[in-house]
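What follows is chain A paired twice: with chain B in the first complex and chain C in the second.
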Partner chain A sequence: MTALATEPRVRTQARRPEPPPRRRHRWFVPLLFVGPALVLQLTFLFLPLANTFVLAFTNASTIGGGTFTGLANFTELMSDTTFWHAVGRTFVYMLVAVPALVIISTCLAVLVNTRLRGTALVRPLLFSPMVLPLAVIAVVFQYLLDSDGLVNQILAGLQLVSEPVPFLSDPDLALFSLTAVTVWKGCALYTLITLAALQNVSAELDEAAQLDGAGWLRRTVGVTLPQIRGTTVMIAILAAIATLRVFTEPYIITGGGPGDSTQTIVVYLFQKGISPGTDAGYASAISLVLFVFVLTVSSISWLISRKARA
Partner chain B sequence: MTALQRSPWFTAVAVGAALLLSSCGLGGGSTTGEVEVGGEVKGTIRFQTMQLSPTFDKYLSGVVDAFEAAHPGTTVEWTDIPADAAARKTSADAIAGTLPDVLDLDIATLAPLGRKGLVVDMAKSASDLRGGYVASAWDSFALGDTGAAALPWYLNTPVLISNQAVLRKAGLLGSPEPTGYDDLLARSAQIAKSAGVAGFQPTGSSFSSYLLTVGAPLVDADSTKAVVNTPEAVAFVQKLAELYKTGGIPRDSITAKDRSEIETFSEGKTAYLESGGSRLKIIKENSPATFAEVAVGKPLGDATKRTWLVAHGLAVPKSSGNLPTALAFAKFLTSAENQLALAKQSSVFPSTTSSLQDPFFAIGDGDLTATARRIAAASLRDGKTIVQPPAADSEYAAALWSAVQPAILGKSSPAEALADAEAKLTKILQERQQ
Partner chain C sequence: MTTGTAREKLIRWPLMLIAVATVLGPLLWQVSTALKGAGESTVGFPGTLLPQDPTLDNFVTAFRQIPLLRYVLNSVAISAMGMATTVVLATLTGYALARIAFRGRSLYTTLLLATAVLPFEVILVSTMLVTRGLGLNDTLLGVVLPQAVSIVAIFVMRQAFLRIPNELAEAAAIDGAGPFQVFRHVMLPSVRGSLAVVTVLGFLDSWDHFIWPLVILSDPAKYPVNVGVQYLSGTFSADQRVISAAAIVVMIPPLLVYFLMQKQVFRGLSEGALKG
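Take a look at the complex of A and B:
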């Protein structure tokens, strides 16, 4: 009886264990986790960014010194024709490169996504530009597009031209030659993103359209592509930002020339403020204006995409 | 309680603001006024060279040891940096106030420090040494109000390298060498016509030297106005434009990188290359077939005593914590005997006139390298080199080259292009005065 009477009590005790001691979180523990990343970000991103804002209102040089000059840099920038020509050229670059990048990468992604013989071989080839540094690509294209480079040799071999085409030394042609390099390099990444989006497209809708008698092209244009519109818009925004900040291609391949025909905003910024120029204040003002351009283009693209989604 | 809660934020903001302002570089971190360089030579100094290691490790270590032995109690900490990082590192060090005590720099990299008066003016602190240096080398370090921003160290000056195979093909083998740019341009047209090969490849970094050699002064007396739109310069650019059309200069020379002219010459695509004798080694290594056909002659500015010059100097920042030792070391390293020792194991030339009298620079017939050395040393010794105005630095050269490119391509007239260049360059010069 005693045993019967005590057994349930024991069970009850087993069901209700002692609550574990309350763990005390020190306030600094989360900081220890995010601290290193935060310090790196603060030192190498936010501090230089804030520094640029301050320098833009000074006449500082790259070796130090300088005083606050108010809006003098911006006033000068407004009347700097070289800068505005660089702005015009950069926007032309963007207007040519962005549609080309979006259209070509979408087409390539659709093709790669299609079950055809040889796509397994095409994929690694297609993505190879991603693993090459842009500086290397620029040098390779410099050799390809020279007057006695591979492209001109092929054109001459096919008897399409009698004289070498001055891809890089003609002021009217050089900017578009550089755009081709940007498109070639950028296509790999944007194709990969688009391909990832295509993998998530609903197969049922495609099958339904197929049952309705729609052909491959009709299904792709009418069913598949509308489903990845969000990704396409994102690619357009990314490409627009990248082309507004284009630097490596013009700097390495043509040095901004011939004349100033391939001088983009960032090339001009670099030449004024880093090398060979030393006007850090003016260069910072240029970078702030570029920041506004990037923000504006991104905002417009985002508004358009939101309207399209609605 | 409120005050207690706010205080960490106030601290954070205050620290942030302090960091921000200190990182701005507005303070500069260096002394700009007059400094006292006299005192006891002792203690530790930092010495920085530009891409001399590992080739000259033994030489520099030997000089450092000799200095430390001659001045007991001194220590020289030597570091070497890549040439392409020199400008960025110098700027960063200047802002941070951590410039080494003795700096080996070319004029282009040194120019911003010299113009801002951040380095010891050797024209005041080592004026007694001036007579011992090649005059054009000493004068090339006059930057802004700083009479001499560095003690001249090693120099280079060109010779005219020619490809005899191309000249043979053009029927010009045995003809007298071109004695100036007029000759070179006329001959380039002839070579293009007869041999289908370009005469030479103009380069952006040398373009201001070309104009100086043909007689355009580049800047006015007080370096506040560019002077490039002269009849000589217009004629020169006009001839280049004609050569571009006829193949007298390579088609890609307008957008080609500096130093690619050596590659073009090595490939047999140009007949002439005006460059330092050290390039012979590169041609020999990269293209033995072309090297077998190479001959060297006097530079194009020889007859008019307008041959260009490249100089490296040893500068002592005013921010140095040990100015007496830094200055003593710079003088020691640039002494005649130490410079001669360096020249004998390299392809550079000493900036001290007595070193150039050494028989080492007089011998050399048959061997191309020795012949090039003899010719270049004679240019320096006989006062045939001209100092480019320090205001015509790399920024000036880049702007000038960019402005004349459309004229060479035939897209604008030479007079228009040079007028445009003059306006842009004058703006750059005037901004520097502010």
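Take a look at the complex of A and C:
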């Protein structure tokens, strides 16, 4: 979560000119500073990354062995309907969760962007899910969405339903119940980011519009929100990447079921390569496809930010 | 931003209450369930939302029947190590990237930026093989090391070091301070704010980790709380009261850190976001 929040800054800073050259040091000085992190990254980042590209073209198992099999994994993947269903589900997840996250976060940020008394108390409460472990949130919601969980109790108490809604046991409904959990947790961070952007918006345009007699809603939609368009696009991209990687919610809450109705790309990758499967080659091929999806979404964000700058 | 007129209060307050209720509701329900006695029904609305006869028995059971304390200690160990490595490595690397001219610096910076978008799941299987190859599977070190370097933290620290004026370092160097003395006595004290941010985020991140410990640990006695609680809810206990009590125990440390360090967390997160 935090990784995503700071990433855009990282990108903008990189384009700035490098700082003026500092004094030269003895050769080992930079090594002492960079060395420890570099060793860990070579071992646990660059080596595994390279290894993923190699494994994807072998029939290696996680137990060992394996020979070069060329594109066999990929041709198998092309006709693997289970995989494409997982891809489809992951994209459905994205298409539901991303708009929901963006719209709700924007509304919440506008709502708490006020000097009204009490807001200072509301904000930290509203953002608190951001720091709660997703795995534990998932355990909580497993009960919450159960047939006699809180949600069904409220619906029954308000006499909205006569039968408990099978949020997690109905194959058509389960995936959407999971997106609700993702949205509940994700809104905290994205609202915080949007609120930060809103507080940087200049008040002058708003005041001018106010003098022209525009109402609050028109000023918000027509004047304020267009000024934070960059942030809105950014949280949409961050949310899209996060939904491509979704794992914890389906793994804990539904275990990918009922049937395979909530099996997402990473759940399938996990099942093939880690547990119960041990097919490292095939899992690596899935990893690479996932990587391509993430790169596509990232390059869209890059294109948008470049266009915005031009 | 508008000032608090009566009409604004009328519109904003109910909406804010709904939002807060949506966030707090599930958590309060969890607390209520955890406080309910064994004989008390956990279902029924709204009658049984408040425990009739609040008891702490479920917390006692959670600690006694299931190895919750062990899980918590494992998590504390993992988070402490994760926090320490994040802070130390980010400080050293961020400093080098910001203020030491060395060959390959821009290449390394580019490489870091490129891998910042790489999802961990993509290298999950290979990282497991490497970690196992090093004999680190089923060890806490194996949980910590692969996620010890936070690229985000490195860049937060790099930004902090870039902001320090040149004159400060030069003055110290002219006074005869070596590179490590400059780093220790001039640079580090100037970035205390960012160090606090990186520390807090390092802790929260480690406490949140799930998929990696799940993959690399096979001995349940080594599980951190996140993995432990879901393992319990799946296998051992069908008693929702005990699981709720355990879940609350897991949530307390990050919430505590969050509410104590709110200002730093917000500053760190929004600084990152603002300039996007």
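Just so we're on the same page, the second predicted complex is superposed on the first by the 276 of 310 C-alpha atoms of A that agree within 3 Å, B and C clash if a C-alpha of one lies under 4 Å from a C-alpha of the other, contacts with A are read in each partner's own complex, and residues count from 1 in each chain.
The rule is short, and it goes like this: contacts are C-beta pairs under 8 Å (C-beta built on N, C-alpha and C of every residue); 3 or more make two chains touch, one makes a residue touch a chain.
All values reported here derive from a predicted model rather than from experimental measurement.
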Worksheet item: Which of the two partners, first being chain B and second being chain C, lies in contact with A:Ala240: first, second, both, or neither?
Response: neither
Worksheet item: In the superposed arrangement, does A:Val267 touch chain B (first), chain C (second), both or neither?
Response: neither
Worksheet item: Looking at the overlay, what does A:Leu175 touch: chain B (first), chain C (second), both, or neither?
Response: neither
Fill in: Which superposed partner A:Ala285 touches (first chain B, second chain C, both, neither)
neither
Worksheet item: Of the partners chain B and chain C, which touch A:Pro164 in the superposed model: first, second, both, neither?
Response: first
Worksheet item: With both structures placed on chain A, which of the two partners, chain B or chain C, ends up touching more residues of chain A?
Response: C
Item to complete: Would you check which partner chain A:Val87 touches, where first means chain B only, second means chain C only, and both and neither mean what they say?
Response: neither
Fill in: Touching partner for A:Leu108 - first (chain B), second (chain C), both, neither
second
Discussion item. For A:Thr62 in the superposed arrangement: first (chain B), second (chain C), both or neither?
Written reply: both
Worksheet item: Does the superposition put A:Phe44 against chain B (first), chain C (second), both, or neither?
Response: second
Worksheet entry | Shared chain A contacts, counted only where both chain B and chain C touch the same residue | 47-48, 51, 55, 62, 148, 274, 280
Worksheet item: Inside the complex, what are the residues of chain A that reach chain C?
Response: 1-3, 5-14, 18-25, 29-34, 36-38, 40-41, 43-49, 51-52, 55, 62, 108, 111-119, 122, 124-136, 138-144, 148, 150, 153-154, 156-157, 184, 188-189, 192-193, 195-197, 199-200, 203, 216, 230-231, 234, 241, 244-245, 247-248, 252, 266, 269-270, 273-274, 280, 283-284, 287-288, 290-291, 294-295, 298
Discussion item. If we count contacts the way the header does, which residues on chain B are in touch with chain A in the complex?
Written reply: 19-21, 23-30, 32, 87-88, 90-91, 94-95, 108, 112-113, 116, 118, 204, 250-252, 254-255, 257, 393-395, 397-398, 401-403, 405-406, 409, 411, 424, 428, 431, 434
Discussion item. Going by the contact rule set out above, which residues of chain C touch chain A in the complex?
Written reply: 1-4, 8-9, 12-13, 15-16, 19-20, 22-27, 29-30, 33, 42-46, 88-90, 92-93, 95-102, 105-106, 108-110, 113, 115-119, 121-131, 134, 145-152, 154-156, 158-159, 162, 166, 169, 173, 179, 201, 204-205, 207-208, 210-211, 215, 225-227, 229-230, 233, 240, 243-244, 247, 250-251, 254-255, 257-259, 262, 265-266, 268-276
Discussion item. List the residues on chain A that touch chain B in their complex, please.
Written reply: 47-48, 50-51, 54-55, 58-68, 82, 146-148, 164, 166, 168-171, 174, 253-260, 271, 274-280
